[in-house]
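Sharing a structure, written as structure tokens. Questions coming.
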Amino acid sequence: MNNTRKWVFRGFTLLVVLAIGAVMFVIGRGHTVYIDNKTLEYNGETYEALQRSEVYVGGERLSKLAKRERTMSTVIGQSFEMKLINTANKGDEPTEVTVKLTLPYGWDGIVVNIPGYLAGLPQDAWMTEFVSAPEPESEEEEEPGAFEDEIPMGDI
Amino acid sequence: MKEKLSSFVASFGLPRLIISAFLLALFILAPIVGVDLPMQITNVINRFSWNAVLVLAMVPMVHSGCGLNFGLPLGIISGLLGATLSLEFGFTGPMSFVMAALISTPFALILGSGYGWLLNKIKGGEMMIATYVGFSSVSFMCMMWLLLPYHKADMVWGLAGKGLRTTISLEGYYDKVLSRFLQINIGKISIPVGALLLFALLATAMWAFLHTKTGTAMTAVGSNPVFAKAAGIHVDRIRMLSVVMSTWLAAIGILVYEQGFGFIQLYMAPFYMALPAVSAILIGGATVNKATIMNVILGTFLFQGIVTMTPTVMNSVIHTDMSEVVRVIASQGMILYALTRKTEVTR
Amino acid sequence: MSQNVPLLEMKNIRKDFFGNQVLTDINLTLQEGEVLGLVGENGAGKSTLMKILFGMNVIQETGGYDGTILLDGQPVDFKTPFEALAAGIGMVHQEFSLIPGFTATENILLNREPKKKSVISAVFGERLDVLNRKEMNRKAEAAIDRMGVKIDGTMVIHDMPVGHKQFTEIARELSKDQLKLLILDEPTAVLTEKEAEALLLSIRSMASRGIAVIFITHRLQEILDVCDKVVVMRDGQIVQDVPAKETGVTEITRWMVGRSVDVAGKAEIRDNPDAPVAMSIRRLWVDMPGETVRDVSLDVREGEILGIGGLAGQGKLGIPNGIMGLYDAGGEVMLRGEKIPLNRPRACLNASMAFVSEDRRGVGLLLDETLEWNIAFPAMQIHDKFLKNYLGGLVKWRDEKAIHDITQRYIDDLAIKCTSSKQKAKELSGGNQQKVCLAKAFALEPGFLFVSEPTRGIDVGAKALVLDALRKFNRESGVTIVMISSELEELRQVCDRIAIVSGGRVAGILPATKPAEEFGLLMVSQVK
Amino acid sequence: MNLKPQGAGKSILNILRNNTVPIMFIIICSICIPISGFSPAYLLNEILTRLGRNAFLILSLLIPIMAGMGLNFGMTLGAMAGELALIFVSDWQIWGIPGVILAMIVSVPFSVVLGFICGKLLNMAKGREMITSYIISFFINGVYQLIVLYLMGSLIPIKHSSIKLPRGYGIRNTVSLLNMRQCIDNLLAIRIGGVKIPALTLLIIALMCLLIVWFRRTKLGQDMRAVGQDMQVARDAGIQVERTRIISIIISTVLAGFGMILYLQNIGNLSTYSAHSQVGMFCIAALLVGGASVDHASIGNVFLGAVLFHLMFIVAPQAGAKITGDSMIGEYFRVFVSYGVITMALIMYEMKKRRQKASIGEQLALAQREGSRHE
């Protein structure tokens, strides 16, 4: 076989594989979305938490949030869709809102503030990156290192 | 000069050289980084005395051409049977060690002959099969330790009243009987003369054996089995003898180890015990079909030196305990080196 | 078919192995479609010549050759067999080169299989092409047809009779389109009579298609039947090159073995028919690969030197190896009226027999040990010599001094060249290693000695020394010796009587004084 | 490569002898199943899960056997490559099926490098490939620990502290793969009664089998078979023996890497330092239980072996506990059986080699006797 032809084919295949990898990078990126029903202060104004908000993701009810409550959902990819059934104040008629979000690729955890979103504030007001609290020092993990002591038993 | 050096490296083996240099570096580094050197030396000598007999057990089989005895656990099991039975029968103190050795001997002879018979059937594939004979026998004994009718209270599980514990303390039995015998203390260094003496005795006996008619035949069988056959040697019988000797030495070796360590370890503990012994004798300069007493001494010292010195010294230098990784890479690398050397592949 | 430019022309081919001249001034021509019979004793240089032609690696490794080879008038110099193959030369070796678990078809097209391309192979290389089984069957079938002998292409090699394996090899060569010249190295040795006939027919049919054939065999009648011309080699030279029609078996034999000066009978030959029988061998078979003994019965007389000769592969080496228990054997062997159990080396040695093996490095020596060990070891093990007894014989300690003394004695006696008696055996030259092997046997002080190929691979000076030592040992100590050698001249120099083995059986026993041709005839005879 | 059977009695004996191990296992299982008291549905469910989990790994052993390199104890190397890939992928937070695919892609370069090293070393140790590949797996395990325990997080960037040790470098004992747990098994899964059939996984395995069948018919596959049977003849025919052997090990390593990723996506978490250590042993045992030997293994052996071996694995502890009253007995028993099977297979392989040699002499004696009868 023609050698250059072969290398062209190989290079092409490599590119395809890399492309698949790149696509996986994008479509497989997992995020954890935290949905807050908390009072938000933005530019000096206060947006009150809702009395109650039911969160549906993928048709299933995730949680019913009271004031100052938070729920979370995982999502693969950058588009996130949820349905909210909100009751702003006690006794109000519930309103249904469908929320479609495009998540920032680089954030692992994303906090979405419902009151802020409903008030139509700019995105950076109600969507923030979730930063986990530094782990407590007390959590001790044994130094791993199992060699000869590691007994080949157990299940497979 | 350059040629001389490279030929020296070739004959000594690069990995061996690296390991020796590494140990030397550890010894030099130790006082600099503030490690208690006398204590380390005591440790090395002690661990040497525990392990040397197990390494010595490699010699007969290497000599008879059976290769490295990866089936060492079989001998260890004989030793464990002797040890547990000796305790079960109520022997205490130094007597329990003597009895353990005595009781383990018939087991070693029986298991060793069976093992030798098997190895004679499968000449050429010894090492792999030895490995798996070791593994199967260890896992078989795991069931036996649970099922055999042991009753002595400090050996069995407290609740069930049967089934041996995973570790049995030797306090009151033969804990350190050899190490304390004639122990010499020079400053902070203490030398377990008794244990070293026993090793010296066994090593001398091995050396002497190799100078007898049968010992000569064993070396010849290992060097060229066809030559030996043509000279009227019963090759299979000699190989069998070497396997039995190796098994018995392993039995005694584990007893010596236990007396130093202070515990009998049962169940899966003997599983990988062959590997340190194999790499030790290889580090000492042995090959797949040549080994001397000097290889045993040097190898055990180097190997145990690395095992004891690395954690402390490394810890002081980089504040991480990388000793496990270093040990695994060094010892397995050594075995790998020996197995892949062209000159050692064909006899 | 042009007769002007010969297909193959070899001019002034010379070759030496480390100063040892094995080929001198070989000139050979071969026309298209011609069948050339190449005959000669073992060591006459036939195989070396063919190795040169076929570009075998061993030639390059030992310093190449001199002279020129012309193929179709073009000079060629093959560095590897693959170059020779590409140029259209095929060779069927004595040892089968077949994959046992493959079918005949798969073997015929080994590494030349027709393939089908696919997308995957375009990426990962052509080794991932799928084999084209249909095309393979067709090609193999065609090659088998061309050969003219029917074999089953779907049959797996290890289920085949030996003859079919041979034909598979030939078909493999024939399946190569570029094939112009086929070398057959003793192809009929393993064949039954019928198969051999079929092969001869197929050689003729190949020739009629224009393929030239070089046919090496020891069965001279076959040469006369099938060849156009006969080339006889002896001592690295071509002694005759005649049309096959103009000669006969007796004449060829004479050319093969004949010496210009008959050196035999130099030493006194004793043929004493009244001497008692020292060893009688009855119906011996030995499974020694490549040297199978099928059915040998032989009497060795007391005090004589009996030579066993014959061509390579006929089973002469199997006789001592079988009796001494190194290979599986059956039959009956009596030594001075006592039955020697077979397959037990120890029993033979205890019966005061000793054996110097032809395989010095494999059997004869402990290469990694000292000369002392090598020489003293059997005597120590068999006769408890060189040992010091302690504790009432319980401990038998090696007596290093006695070992050193005996070794030193033999080093002096046999003039073994070494730095000291502690030198490792592997560091010695071939001749000196052979002397060590002899010393080892002598140290046993045997009453009966087998010596197998004592001069193989050693230089002329050492040869004479070794043979002298043997003869001296026989004449002075009265030890009966059986000496096996491929070199007839050597046997005729040393031995009293010579037995010739052919096809795993004894073809005949003659006094060493008989002319060489008679031995030659026995060598090429077919014993049934 | 047996001699041809000479009669019906002998051929039955031969069948029995060649299938000792599977028959033994069928007997063990048929005794243990009733004692253990598991329901058929439970057993079926477990078997299917385990088949989906392990079959791919076991399949990776076939190609080196074909190339005459024996049981590839070095498949652990592939497992390690797969684990490295999974560590990276979970640090990059790629989840679900894309995560699995990406992990497979990432594992390939690791597998190829490790397989190449392994193949090179095995070429230096011809005739003792198995013990060498076994030691290689230990050696590379050391290197793996060095990388994962010390270099990851210090030299090799690892972002997420959830998989890092608290000290700031090195990977934790377990890495959670919760986000890709059974993502392939559950997609297209079919439930019949209480039995879940992981259809997609089984489909992937079936594709793999087809791939192997196809591979056997390629030139490379043919070369490997030739090299496996007689290296010298193959070399004389112009096949690049060393290269072919290295390729076979590389393929095996890459497949083992994929297999390990599939295996771990089913388990749902990665035991960073021990997951790979048992894989080689169990897969080899399973293959041998299916009736394979050191020099011959088929796809049928893989599935029969996987089913029988795992059946034994499931029922043994329970049966052991019922018989002796001690649950550990069964656990030890199955470990013993795993090793015992490998030991037996190795012994039978070596003895078969010797038996073949011994039979030539008998034939000679026979020929002589027959010859004398004709005279």
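By letter and in written order, the chains are A, B, C and D; residue numbering begins at 1 in each of them.
To be clear about the criterion, a contact is a pair of C-beta atoms (placed from the backbone, for glycine too) under 8 Å apart; a residue touches a chain by one contact, two chains touch by 3 or more.
The shown structure was predicted, so the numbers you read here are calculated from the model rather than taken from an experiment.
When every chain is reduced to the mean of its CA atoms, the largest separation from chain B belongs to A.
Contact counts per chain pair peak at B-D. When each chain is reduced to the mean of its CA atoms, the one lying nearest the mean of all protein CA atoms is D. Computed centre separation for the pair chain A/chain B is 56 angstrom, with centres defined by C-alpha atoms. Separation between the centroids of chain B and chain D, computed from CA atoms only, is 31 Å. Chain A and chain C have CA centres that are 80 Å apart.
With centres set at the average Cα position, the gap from chain B to chain C is 48 Å.
Annotation for chain D: residues 141-142, 145, 149, 332, 335 touch two or more other chains. Of all residues in chain B, those touching 2 or more other chains are 275, 324-325, 328, listed in ascending order.
The residues of chain A that reach two or more other chains are 143, 145, 147, 152-153, listed in rising order. Chain B contributes residues 208, 211-214, 216-217, 219-220, 223-224, 226-227, 229-234, 290 to its touches with chain C in the complex. Considering their complex, residues 1, 5-6, 9-10, 12-13 of chain A touch chain C. Of all the residues in chain C, the ones that touch chain A in their complex are 117, 122-126.
The residues of chain C lying in touch with chain D in their complex are 81-82, 97-102, 106, 110-111, 113, 115, 121, 126-131, 158-159, 283, 285-287, 292, 294-295, 328-330. The part of chain A that touches chain D in the complex is made up of residues 17, 20-21, 23-25, 27-31, 74, 76, 108, 132, 135, 137, 139-147, 150, 152-156.
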